[in-house]
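So that we are looking at the same thing, I have put the structure below in C-alpha cells.
Each chain gets a letter, A, B and C, in the order it is written, and its residues are counted from 1.
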C-alpha cells in the first residue's frame, strides 16, 4: 500500500529585514555576513503571528490541496522549537481551527529544526499502519536569535504543512523510503527559562550538520538502492545558503538539483519549517515521475531523510492554494531594526 | 476575556461558524437562538468562507490596555461573502491603502494574552487580497 | 394617564471631584433639585448610572441614595441603558407619575469616573459596546464612532472641519455655563491638531471623563402651582433600542434608535422637528451630534455637517443644538448626562439660562443615547 503526501501548503509572514539593517545596529560588516551566510534577508513575524497562527494558515493551504473533509484527519502534529506554550500543545489549537477535533491524535514535536519532519514521519507511519486515514505533520517556527549574534541574521519564521494519506487517487507524491540518523551531539541547544538558544560556533558545522546530514542521506541512498543522479530534486535543511550547497556537493548532488528547494537566501532559516518549506516549493514546480530527496536536520542532533516520487495529481493541486515562491514575494514590506526588535519581543517592557 | 467565555467562542473565533435562519436566510455571526428579522428559531450552522470586503474602517491610535504597545493599528467592519458582518483588525497593509470596498481575506492571528502567564487569545484579522 | 411636569432641577459644577464620593455627588445635586422645587420629601426615585459597580465598586444605588438623601424607605432603583441611563431614569419617573402611582418623583443620574485609572475607566465605558464581538478586537469606543465618521464622510462628503466645528460651537456655549467641566473656547485648528485617538477623531472630538450628577423632580402637571418655580411639561417621551454591535446595523450612517425614539416622542407630543426651538443631544463624539441631528429630522441626511459649519446650530442659529455646551464642554459623567440635558432645558424654558439663553424658547427636545447607538431616549418639553 503506497503512502504519501495528499496535501501540502506553506505560510510565510509578510515582513522582511535585511542583513544590512541588523549589521548596522551591531557595527558588523554586512557584506561579509551576506557572503559568508549566502543570505541577504529574513522573514519577520509580526506581534500577532506565532507558530500556531503560521501552522493554521499552512494547514489550510494543505487542506485546500488535499480536498478532504477535515473530520477525517486522524492526527495533527506540530513540530517547532518556538511553541507558544511550554505545556499545551500547539496542535490542539491548530486541530480545533481546522475542524479536525475531537477524534484526532495530537502531540507537539521538538528536536530543534527537524521537529517538522518528525511530524511528517510519524503521521505517515500511522497511515501506513492503518491506524488513521489522514495525518498532518507541520513544521513551523518563529525562532529567536540572540541580539548581535551570528544567528540573528538568519533566524526567521515560516510554516509548512503536509497531509499524509494512502488514497491512491489523492497521492501527490508517494513516500517511498525513510531513514533517520541520530546521535547525541551538543551543537545548539536552549535550556528552560532561557530566552535565546546557545550554540557551539564552528562545532555546529563539520561534527554536527555535515556529519548528520551526510549520514542520513548516505543511509537512505543505500537503503533505497538509489544514487544522486536518480533524483530530480534534493532538499537539505537550510540554516544558511552555504550549508545545503556544500552538503549537496559532498554527497554528489548538483546545484541545479538543490536550487529549487533552497529558499533560505530570501527567507532566512525557518528552523522546523526549513526543509519542509523547501519541499513545498519543489512540489509547486515538480512534474509527475520526478524523484525528490528531502533531508532535514535538527541540532542535538538528527536528520530525517525521505524519498518521494511525484505523481500526476501534482498538476491538479498546485493551483488550489498559494504557491510558496509567490508567498515569498507577496505584499512584502521591509522593517527597520527598532520595529523588528519590538516585533520579536526583544525589548523589555514595563511591569507586565 | 476570561478563559471559559473565550473557549466557548472558539467555533466563531477559530472557524468562523455562523448560522443561517432556515426561514428567511439571514446569516448571523455569532449564531443566535432567535432570528431578529423573522423571529424564526431554526438555524443551519456552517463555517463561513474567509473572504469579504471592507465596509468602514479606522486606525486606533489610543488603544485599550490589552493592546498597549501595538497602536497604531487598523480596525474595520467587514462584510463577509457569506452575508454576515463582523468587526476585526486589518493587518499587513499600510493605513493609506485601506479603502471602503477593499477585498480582504481573514487570516488566523494572535490577539493578546492575559499577561505573561495567561492563555493566548487567537482569532482572525483581515488582510488585503492581492491578485 | 396624567400629564407630568418638571418643577425642580439641580446639578453641581462637573469635573474631577476628587474630594467627593458617588454618594456625595448624587446627594448634592439631588438637594439642589429639591431646593429648586421647594420639596423635602420624595415619593420615589430613579437613578441613572451606567456602571457604579465598576467605577465605585458599589451597586444597589437605590438603597444607598434613598438612605443618604434622608428619604428612608421610599421605593428607589438604579436604571441602566449605558450612556442613556439618565434619559431612561426620566422616562421611568414620567411613567411612575403618569400612571398615578406616585406624585413627587426624583429622576437623577450620577457617575463617578475618576477613582479608576484612565485605562480602567475606558475599559468600563467599553462595556457599552459589544464586548465579545467588538471590544475583543481592540476597537475602542472612539473607534466605533470613528468608523461611523468614515462611512458618513464617504457617503455624504462630511468633512473633518465640519466635525471640528461642532466641538468649537459646544465649547463656545460651554464657556457661558458655570457648571461646565471645560468652559474654554477652542478653534477648528486646535481640534484637528490635538492628539489623535482613532482616525479621523482627535481628542478634542471626544467627550471627557467626568465626575458629576444631576437631578430633576417631576410631579403631576396639575400640582405645579403648589411649587416654587414654573413647571415645564413633558409632552413627549420615546425610547428605542438597536443592535448592540455597530456592524449589525442596517445603515452605518444613521442612528435608527434615535429616529424611532424621536418618532414616538413627536407623535405623543403632536410636534415635529420644525416646532422645536432648541435641542440637547448626545455629542459623545462630534460625529454623533451630526448624525443625531439628521436622525432627529432636524436636517436632511448628509446635511448635518454643513449646517454645523454654517452656524445653523449656534445659540442664535436656526436650530440651537447643545446650548449647555453639550457633553463635549460640560462633561460626560455617563449616567448623569441625560438628566443634565433636562436641567438645561428647564432653565432655558424658564428663561433662566443667562448668556446661553435661546430667545423665545418654548419647546425643547432632549436626546440621550447609549453605546454606539444601541439605545436612545427622546423627551420633548414645553413651557406651561
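By our rule, a residue touches a chain if its C-beta (ideal position, glycine included) is under 8 Å from a C-beta of that chain, and two chains touch if they have at least 3 such contacts.
Source: prediction; values computed, not measured.
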Remotest chain, chain C as reference, centres from CA atoms: A
Most central chain, judged by mean C-alpha position against the global CA mean: B
Length of the line joining the C-alpha centres of chain B and chain C, rounded to whole Å: 32
Chain A and chain B: spacing of chain centres that average the CA atoms, whole Å: 30
Mean-CA-position distance for chain C and chain A (Å): 59
Sequence positions of chain A contacting 2 or more other chains: none
Shared interface positions of chain B, touching two or more other chains: 70, 89, 111
Parts of chain B lying in touch with chain A, wherever the complex brings them together: 10, 14-15, 47, 69-70, 89, 91-94, 107-111, 115-116, 120, 122, 125, 127-128, 130
Residues of chain C touching chain B in the complex: 119-120, 122-123, 126, 130-140, 142-143, 146-151, 154, 195-200, 203, 243, 245-248, 252
Residues of chain A that touch chain B when the two form their complex: 14, 46-50, 52-53, 56-57, 60, 84-85, 93, 96-97, 99, 330-331, 333, 342, 349, 352
Chain C-facing residues of chain B, complex: 1, 5, 9, 30, 36, 55-68, 70, 73, 75-77, 85-89, 95, 100, 111-112, 121, 123
